[in-house]
């Protein structure tokens, strides 16, 4: 017996808070439109089909990796090895073609994905079994995979001559004006996004990230789920490698290095909470698109290329600050008793 | 009994894959010669040096409401967590529906039809209320897709059954403790379990909600489920339960029928001695005002709180969980900022939101949650004791190790701390001894005012008495003590004055002589407006 | 690093290397492969060359195919002279990654160092130490600003700049907007060439307008972004000069897959025949330039050996013979770095592309 | 419930109660005993590295050790402030960018005729400001430090790029650039190493012998408890970030001296090396555990191995692998015991299950539990 206020639902407040949450994706779209519109004003060519197509395919790879990264980050982990994985898989796919110039395309993709899945599995095993923080594990893997890659490559490189045209087509062709790359990635984003929304395993990921202890109490097989998240992230990075090769038709020992930070940046800008529990792959993909659009906009708007990094960095900080503000607003709206101890 | 037998396998074989269709205990209800639904025999469990459970035994029959009683730290929650599969007993056996089995995880426990309401809510702040209820058991539509509409519907149905209005689609973040508790209950009854364990479910509920809960429980009984009901509120126990099991110091004391018991008989066997000896309060003459709180307000948490604490007296803040007592204490000590009002020490106002200033002014604060707030669990005893006195212990900037050790040793002996080595991490200590370390940490600063929140939470009976004796000594030395406790006996036994907090307001003040359980409860539940301070 | 080192002399000095962390904890990854002369002094070529010389080749990084070709040339030279070559450098092309290699050379009491500096100034302190230790220093690929060394110039900087503009002029008959797709903004040799390109444009081609210079950091992805940005920024672009192999190959790849654009925009620059062959064949690129990297390494090897044997010196006009490449004369105008020029760059086009395999 | 009676790690685990990265899983004294054990492991590793080096030609001589110091100097220096930050449970990935920014700024100011002395001071101030930016974003706005410092990593580097663009500034006064390449007179110790040693001693004392050091550990282990003990958690974290910024820009100055040139991309990518050293030094990424000694040893081990491998002309690629493996070992080894224990526990349960005739669903606890705590 107690007199804590009888729980009353506040539909209004709820709807508003939900709107605020949606606002995350919306705000990115908005930012996109602003950047795009502004640049187009300065330079009409920016809006032409070819340029837009480039915006899409340019963002595709990072977006793809961001999808995998989202799965991992949502569970309060992180995968820094994606860049190295992409490089390795790209080169191995290349060597496949070098060995069998007319290997089936499907096989090429399988090889790429396979490489990624393998490394993802290693990340997953170590993280879940030894409970070593994934930040450290994947950082180490970043070095190791890159090193192994370089050992294999050994100052050689894959030249366009080696890549069958049928494979390269995937990299640049487009149907109905939409690049294949973008289509592939979009399909994956939608598929994964749908899975994360509407399937138990998907929801489990959010549960794990949102409150690990409660997840265990709810009987969520945390280890298995986290492991899967790493495998998927690895697999997508591997697929990314194959697509990288298709797009640039050439790769060497340093292919894809530095991607990890772009990907994490995209994910964060995309509104995925770095400490898990919330965020969507759609947001992450949009984040990737936004970052790429800004890069190209700077060139198209004839802003000195020297500004790229600074702008990207500032944007990143703005994004996470905005997120923070947003979640605080939501809390305010939802909380009956004002702000509770925020960790 | 066949009927019981043939529905068991269903439950026994359920694995998490299809844990969402748990076995129903209904058929066994039909059986007139009841067969125990669940039997736990001589379960033991220790955590490091803490023996949480020596002999956890309980037997539940279909269709009964069974109370589990015992003091704080008696081992109730530990027993509950064993049934929940959270802890694996070090020894002892668990028989569910005639099958000896091992619950190696919460899912396994749920799979055999046990559902648990934990003492404190375990929610996913980022997920919707509906999802919190059905996590891992979401209703599916075609292609094993989650059927959100259905989920919402079912959630609403459960809430209707509980007679509460709560939007299933809102995120759990920001739910009040009461609402959180409601969601927990909804979670537990959202699938027809055979055994429903409730660890202090009513702690944060309004009387209306409690009545509703009881109706639900009775309904469950009618469906011949067994309900294990843990509560410190004996009147609830008498209102709801048929049988009861008493535990003391982690040991099974006895199981009996409610009608054979009286409040006194229960308390006697819970405590193991007469209440008096528990609260060795010696009368003291209060000195002049040490701490005075004036119109203290923190938006949405507590409002217009004013009171004084004099040297040599124990003032207790009583009230229900969630009343805001801890918040008041936190604001006084400067952990949280307050929006209005002032806190004075010996007349001098304290700056808002600065623990350092409060400490400098001579306030010590033993917080509610010692594992998170009171102690750095992985640091040694000596380091913890020294943590609040580092500046005093350091000579020209460097910590003086020997002083540090001596300080710790000194207080360890004064408080009769039981420990292995000074360097041992405090996490290896028993709850009571941990509490002593927290006390040592603050007493080492020789505070003139000691704020102590839930001084004996999770502490076993013996230590509890020691803590009380200690408090008594302190006040007799002229220290002013502000005590927050959810245990009425403690409040009645120790306090010179009792201030009752209800929804963040002071609603009553009782002198030691005219403070009694009934009147305090009435004030705490807002039924009378006492002489507000 | 973020820059893909399939680059030629265009490789960015200290190319922006992101957190890919290819450097090790020492911040310096260094690789080395050793080849000992098959036949020693017996095979000794030029007269007066000491046998058993040890020459450290320190390329920009060990993953750079162009550099590897040059190193091979050097090994060939030293093998002829009965000496040995030790190739040592990092996986990053940063100065920091090269310093340990210089230290290793000093420690190993090498006779000479042949280095392609990742940074014109950053290495000077270390190189000075090497010189002090009596080691002869030869620079190739991209020069450094340190004293007391000989620079083997792949081709006269001015020549490269002007030649590329002239070639572009023939492609676009001297009219229209052109742009440059370079490596890193900090690449010394790139910037030097671009400088001369601008001069040449100003001097000879009033109707050709350089509208933009963009940087691809020798990374395919970045180059592509830069390129497409370029295209949308300048709709009436008619030509792109990309004096870096990554840039030109990426651009070529893009154009060969966007025929509509390829129709309007001509592309030339510095590229590796092996990479460019398909685009020459499908007509995307009519022609581009480069010199033979292994000849470059070969010449550097002979120069180093001669300096180390005292059979030549850094004075203006002093000569030495470089095996199959015949005789070279060192030019050391006052104030400038003593240097020899390998020769004019080769223009590769459909007529000759098949004869080259590097 | 759990949070009341059991530490979260326990909550997550049906089997053992051990937080990840606990050096010594079995006893709770781990934090000290286990750590010592880790440092002794590092000592062994160092001995190994030296012996390996000894069997390498030209390794065991003064000049070479001078070189070793020279190559690791700035990284080592940046590792010190990061150590403290990581012990408080935060992280700073912007260190290398700050190095680059200050190197750039130094060049720029010098180019514009500032006396080098003033320039250096100005650079240090900017470093402090940059650090403060990190600190404020993390403590006042409560943003996750990993996200914030990835942002500033890009931002600082970007600012550097804006300041100098393609230019690279050289021709610093020889008196200063000498510092970069000659040892401290009458020794074979590089100046940067000299600075490192001094700083290491200071940091060591502060962290292990002074109240603030104790507070730093407390913050890393249990921020809330620290706050309740009157420790100014935010203030201290902010302070540490400012410190980190300043020290990193100092490293930037040394870097500029060593290379006698300043460019916007100076030291790009070093952040991961710095982090690697800190973790290899036995600092728990969750905070609360580790020691300066460990970091110093780790630095020495890394430096020696790298140099020895270089002298031995081992492939550069291999060096990456070595770094990665060392890092992995350093964190996995201490946790292996835990992992095995957990597995055994699970097997035990499984067997007991078989007796109980049912194949249950086994849950391994997730690693995220304590990461959450630090969240």
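A, B, C and D label the chains in the order they appear, each numbered from 1.
Keep this in mind: a contact is a pair of C-beta atoms (placed from the backbone, for glycine too) under 8 Å apart; a residue touches a chain by one contact, two chains touch by 3 or more.
The structure displayed is predicted, hence computed values, not measured ones.
J.: A-B versus A-D: which interface comes out with more C-beta contact pairs?
T.: By the number of C-beta pairs in contact, the winner is A-D.
J.: For chain A and chain B, let me know how many angstrom lie between their CA-based centres, rounded off.
T.: Each chain's C-alpha centroid was found; their separation is 42 Å.
J.: Give, as an integer number of Å, the spacing between the C-alpha centres of chain D and chain A.
T.: Taking the average C-alpha coordinate of chain A and of chain D, the gap between them is 27 Å.
J.: Provide the C-alpha centroid distance between chain A and chain C, rounded to the nearest whole angstrom.
T.: It comes to 37 Å between the two C-alpha centres.
J.: For chain B and chain D, let me know how many angstrom lie between their CA-based centres, rounded off.
T.: The mean C-alpha positions of chain B and chain D differ by 41 Å.
J.: List, in ascending order, every residue of chain B touching at least 2 other chains.
T.: 16, 86, 105-108, 118, 122
J.: Name the residues of chain A that each touch 2 or more other chains.
T.: 139, 142-143, 146, 150, 209, 211, 213, 215-217, 219-221, 253, 261, 306
J.: Mark out which residues of chain C touch at least two other chains, giving numbers and ranges.
T.: Answer for chain C, listing residues that touch two or more other chains: 1, 17-22, 24, 62, 91, 185.
J.: Which chains are in touch, pair by pair?
T.: Once each pair is checked, the touching ones are A-B, A-C, A-D, B-D, C-D.
J.: Please output the residues of chain C touching chain A within their complex, sorted ascending.
T.: 1-6, 17-22, 24, 62-65, 68, 91, 185, 212, 214-215, 219-221, 224-226, 228-235, 249-250, 253-254, 257-258, 261, 274-275, 277-279
J.: Which residues, counting only chain A, touch chain B once they are in their complex?
T.: 1-11, 14, 17-18, 21, 198-200, 203-204, 206-207, 209-211, 213-221, 273, 277-278, 330-331, 333-338, 340
J.: Flag every residue of chain B that touches chain D in the complex, lowest number first.
T.: Residues in contact with chain D: 12-13, 15-17, 47-48, 52, 77-78, 81, 85-88, 99-102, 104-108, 111, 118-122, 199, 335, 355-356, 358-359, 365, 367, 369, 371-380, 383, 386-388, 390-391, 393-394, 397-399, 421, 423-425, 427-428, 431, 441, 457-458.
J.: What residues on chain D touch chain A, complex-wise?
T.: Interface residues on the chain D side: 2-3, 8, 11-14, 20-21, 137, 141-144, 146-148, 150-159, 161-162, 165, 224, 272, 275-276, 279, 285-286, 315-325, 327-328, 331-332, 335-336, 338-339, 342-343, 361, 363-369, 371-372, 375.
J.: Quick check: in the complex, which residue numbers of chain B touch chain A?
T.: Residues 16, 19, 84, 86, 105-108, 110, 118, 122-127, 131, 135-136, 138, 140, 144-146, 148, 164-167, 169-171, 173-179, 182, 202-210, 233, 236, 298-301, 320-323, 502-503, 521, 524-526.
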